[in-house]
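First the structure, which I've put down as structure tokens, then a few questions once you've had a look.
In order of appearance the chains are A, B, C and D, and numbering begins at 1 in each one.
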Amino acid sequence: MKVGIIGITGYTGQELIKILDTHPGFELVELGARLTETTPVGEVLPAFRHMDYKITPIKAPSDIPLAAEAYFLALPHSTAMEYAHYLTEKDKIVIDLSADFRFPDTALYKKHYGVHHFPELNDRAVYGLPELFRDKIKQSRLVANPGCYPTGIILGAYPLTRRGLVDSLIADSKSGVSGAGHHPKAANVFCAVNENLKAYKINEHRHQPEIKTILNTVSPQAIERCLFSPHLVPMNRGIFSTLYISLNQPASLQDVQEMYTEDYKNEPFIRLVSRDQDVETRSVAHTNFCDIKILANEWTVIILTAIDNLGKGAATQAVHNLNIIASIPETTGLL
Amino acid sequence: MKVGIIGITGYTGQELIKILDTHPGFELVELGARLTETTPVGEVLPAFRHMDYKITPIKAPSDIPLAAEAYFLALPHSTAMEYAHYLTEKDKIVIDLSADFRFPDTALYKKHYGVHHFPELNDRAVYGLPELFRDKIKQSRLVANPGCYPTGIILGAYPLTRRGLVDSLIADSKSGVSGAGHHPKAANVFCAVNENLKAYKINEHRHQPEIKTILNTVSPQAIERCLFSPHLVPMNRGIFSTLYISLNQPASLQDVQEMYTEDYKNEPFIRLVSRDQDVETRSVAHTNFCDIKILANEWTVIILTAIDNLGKGAATQAVHNLNIIASIPETTGLL
Amino acid sequence: MKVGIIGITGYTGQELIKILDTHPGFELVELGARLTETTPVGEVLPAFRHMDYKITPIKAPSDIPLAAEAYFLALPHSTAMEYAHYLTEKDKIVIDLSADFRFPDTALYKKHYGVHHFPELNDRAVYGLPELFRDKIKQSRLVANPGCYPTGIILGAYPLTRRGLVDSLIADSKSGVSGAGHHPKAANVFCAVNENLKAYKINEHRHQPEIKTILNTVSPQAIERCLFSPHLVPMNRGIFSTLYISLNQPASLQDVQEMYTEDYKNEPFIRLVSRDQDVETRSVAHTNFCDIKILANEWTVIILTAIDNLGKGAATQAVHNLNIIASIPETTGLL
Amino acid sequence: MKVGIIGITGYTGQELIKILDTHPGFELVELGARLTETTPVGEVLPAFRHMDYKITPIKAPSDIPLAAEAYFLALPHSTAMEYAHYLTEKDKIVIDLSADFRFPDTALYKKHYGVHHFPELNDRAVYGLPELFRDKIKQSRLVANPGCYPTGIILGAYPLTRRGLVDSLIADSKSGVSGAGHHPKAANVFCAVNENLKAYKINEHRHQPEIKTILNTVSPQAIERCLFSPHLVPMNRGIFSTLYISLNQPASLQDVQEMYTEDYKNEPFIRLVSRDQDVETRSVAHTNFCDIKILANEWTVIILTAIDNLGKGAATQAVHNLNIIASIPETTGLL
């Protein structure tokens, strides 16, 4: 299948190039970015100076050459929806890595991101978390690739959630800096991050409603108490989430472990970590894995999860989604 | 006042040298370490190669020259108590930075550290957290300097705790690597830590009973639910703790903020952080400050605290304690 | 071709597993390590917990099952030669990543590493730097994979060297910490490396004679002045070398650039960097590339090179060598 | 002596506040910055939230309240000279941390920085490297505080230089990121620096003419060959310079070491490092020290130096200069 990427100057776009360049099932035929002229990829992204790709200048959807059958959109939110609309009209498959189609309810989208101009298209989008929505993804032509934080948190809470056991959820997440994007700003300057740790946007981050919404779509009863606390860590990539889950009925540690084993034992990208090993972000770096470990004391279940925010939290998950739609083995190009 | 340090090869001992070398109220007259002969400090600690101090070889308490009036013990637990016993017998003031005198109950000490050989001395020790126990410290000759994690967590929970409002406490802490000591081991090798984050000893760390014990000494009712989750962060120093506190009766964010202001407004080393600023470990690096910020949603109070684990979490707090005992201005040598 | 790896607990062994696991031309059938019993790879190397490989306990060459046709040896020097001897006797192809077969002259080996027990085998070994010795490698059954520092430095100096233009060479190298191995020691503890930079073993490092020897095998006249200055940088991987080369006859910057273009234009893993771009270690991380940039002032040629010490400086170069021997496209599994 | 700082939002300004706040010989009475209104220092620099200083809005020299006797200027070049001119007219002492008065020759300044509007004032400025120009500094009212790179390099080359022994000098420097300033730009974003190393502006950096000029003012014969190669290292602070010096006449390692001992034995801030110890940036972090080690092979002298770019390379050296002018012990507030 011929594929294209629109938006390649950010970290996610670069990851997509790296994966798709060697993916045996896809042929990367188009790279687009907001440039003034056609440019060899190595001039914009020096790490790729050995590659022959040219970047097509794309300032509006109509600039897309349309030589591909499927497109990955690594664009800012609001912009992405315009491209998704245009491409689906042209009958292309779209994997959108922005937030534009992650909310079933466009009113909620509006509250956190802005006006949604394509509500009817939004109704056709599928939330691209394969472990939860594989069957829907398979039938889909428009996938809303999940946010990086939500990916690790939802996967960590899913088995308890779908069984209706979650009373409240606190997700204390620790993220590498690439999650904040590549545009220079005071908050991502080296000396402001290195040898430092801080929390930010606790209870106010836009991924909190995403987490709550998706968990509630799989929970038999409404989960009201959902708190998301992100922290910025001096490392390039990786998200570690520590979930504190209060159950609404007793369950032993062994009970909980069995639920996770049952739900995830056939998942190629979920690795349940045994009692004597650690969940660590370095173990999942540059992969599509989500590592999960289950702990508990008498009054709280503690779930530890780690993903690569640019991998399972973005680019590799996007490719996983297209693998599913393309009906090729799910791990193609990812293992 | 003439002071000495026993144990100077670890990170804490080095911090003590740095502070005491320029402290206008104390004269550093003895440095002791487990060496075979008297050695210039710069041979062991190259950063101090400009200093004239000699390190006295000390293999047993009786090797101490006793020229000082007060001693800082930066020794491993179990060893420290032997030195503390000897020095108090000689009528010296002791600030012990180990865990040996932190537990009022030696049975609890035994469970987590080992047999305590000096229970009667333990009864005379004071937990050296000035903001909670200033008056007792002033009268004391043996101070148990608090653990690094407990310092930031207890200070973060204290105003709610002493008012009997805490139902449960989750302390999710993120620590720099110096907290793990300077001895080489697989877990603190650079490549195992850099570009990595992991949790360790959740619900099993020896600081959990310390936190719980001290909070319960100031709480009017017993706090049973206390969970401590430490994480290792790729930075040298700093501890950031995110506390999730369930209250046993409603209190507004403003109510809570007023409690903290009331308790801490005259504390020279507590800085309450306003709504529009961040708590960050870099802001407290190399200081005795504990920065605290108060947040809340409808069902949880969230307290953010940051300290330097080698400063307020160890060496500067130790000096603060001796300042109090010596009846000199508390901030001497620390601001 | 069926391949095996002996020695998988170090960083290089792990890199080899990662590459060979997905290499389309090789089948990884044996992993050996100094363990007491057969062990799933994920128990020893948690990042590989999804893999099915078992590690065979190997304490002596005769423990090797010999199911593979070619072996990568990621063993300490001195040990490696025993295994290489045994395996070549069994008619296996050996890619040795230690220093044991890098010196044509075993007396020089002895001076820097110790006694060489297999001088006749040493005579049959080829120095595995494909850009210099491709034809010999193709005919070889025993490849001495180059040292990490020598790889980048020799490639940077080669075009001038083979033309007999080098009067003196200063190689100021900056290396990530993985080059120092994974065994815990005072020098690689996180807090000793992070926020720090130092030189070590200037003019005394064992890679200096390796660099000098190999350059002299391709230089028409003897190069006597060769100084190697390694530095330790707080990053996991990557070597950046800044070469200062005095020429024994004048050559313009353009002349020099043309020599490099001529020698390297068909090399798949050498990337010459243009004037307006930087050589950076991040651009070559996790790859087999060596990026090279040429500068000059009136009296010195300055060559900048960057490689990944675990990639082109070790594991990917080893695979490149076997690709050549196996007569498959050189970039197989590496691009 | 009452002192003021103009320009406090950059890293150097912050360091000055930290030092001067506790300096026993100076009283910090004015802090100025380009703000719109008088602002508590903690609102602009949260690490200083415990301090009572107010920042005066200063948009032009005439906004300075002039309550201080001496001023530190931590301003961009070109701007600094306007303030220096104004303040010296008002008979104030000025320690300028910009490049504006570092070049005796304003034509050279113009080539690298721009037009110099106060050549006659420039004639009265003294280059503030105390180890070379202590006597002149003592008589001065306008000090040009040296550049960070030049400080470590000139000190490393000075004893050989003033004896007329230097034929050529290559200075390969490795700097932490704070040297690049605090303004966000693509080159100092965390993910562009972390896990990366690169050279920049080799033979083109503006500190190269500064180094060459100052060395030539102390050299009996002209030094023509002077090459400066800066590199960016993933750490906050510290500059390590490796100097390769070709001598114009033979000198043994011992000879050279004796020259350095002779020149520096009474210098409070130069520490000569013995053969068995390392020069490391962490040993000089947050200090005014310059550590120096001397090595040699048969054809090159190798000098290693380390400083803190924000300390000896900027703020502490500036305070050292004012200590000298104020005729107080040179180490006041710095040890």
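One rule holds in what follows: a contact is a pair of C-beta atoms (placed from the backbone, for glycine too) under 8 Å apart; a residue touches a chain by one contact, two chains touch by 3 or more.
In this text, all values refer to a predicted model and were calculated from it rather than measured experimentally.
Asker: Considering A-D alongside B-D, which chain pair is linked by more C-beta pairs in contact?
Answerer: By number of C-beta pairs in contact, A-D is the larger.
Asker: Just curious, how far off is chain B from chain A if you go by their C-alpha centres, in Å?
Answerer: Result: the chain centres lie 40 Å from each other.
Asker: Report the inter-centroid distance (CA atoms only) between chain B and chain D in whole Å.
Answerer: 36
Asker: What whole-number Å value describes the gap between the mean CA coordinates of chain A and chain D?
Answerer: Centre separation, chain A to chain D: 46 Å.
Asker: Can you tell me which residues of chain A touch two or more of the remaining chains?
Answerer: 192, 194-195, 234-236, 278, 280, 282
Asker: May I ask you to sort the chain touch graph into line, ring, star, complete or other?
Answerer: Shape of the chain contacts: complete, all pairs touching.
Asker: Of all residues in chain B, which touch chain A in the complex?
Answerer: Going by the criterion above, the answer is residues 168, 170, 172, 174, 176, 192, 194-200, 202-203, 225, 227, 229, 231, 233-238, 240, 242, 244, 278-282, 285, 295, 297, 299-300, 302, 304, 306.
Asker: State the interface residues of chain D toward chain A in the complex, per the touch definition above.
Answerer: It comes out as residues 11, 177-178, 182, 184-186, 188-195, 234-236.
Asker: So in the complex, which bits of chain C are touching chain A?
Answerer: Those residues of chain C that touch chain A are 22, 46-47, 49-50, 195, 268, 271, 273, 277-278, 280, 282-284, 286, 289, 291, 335.
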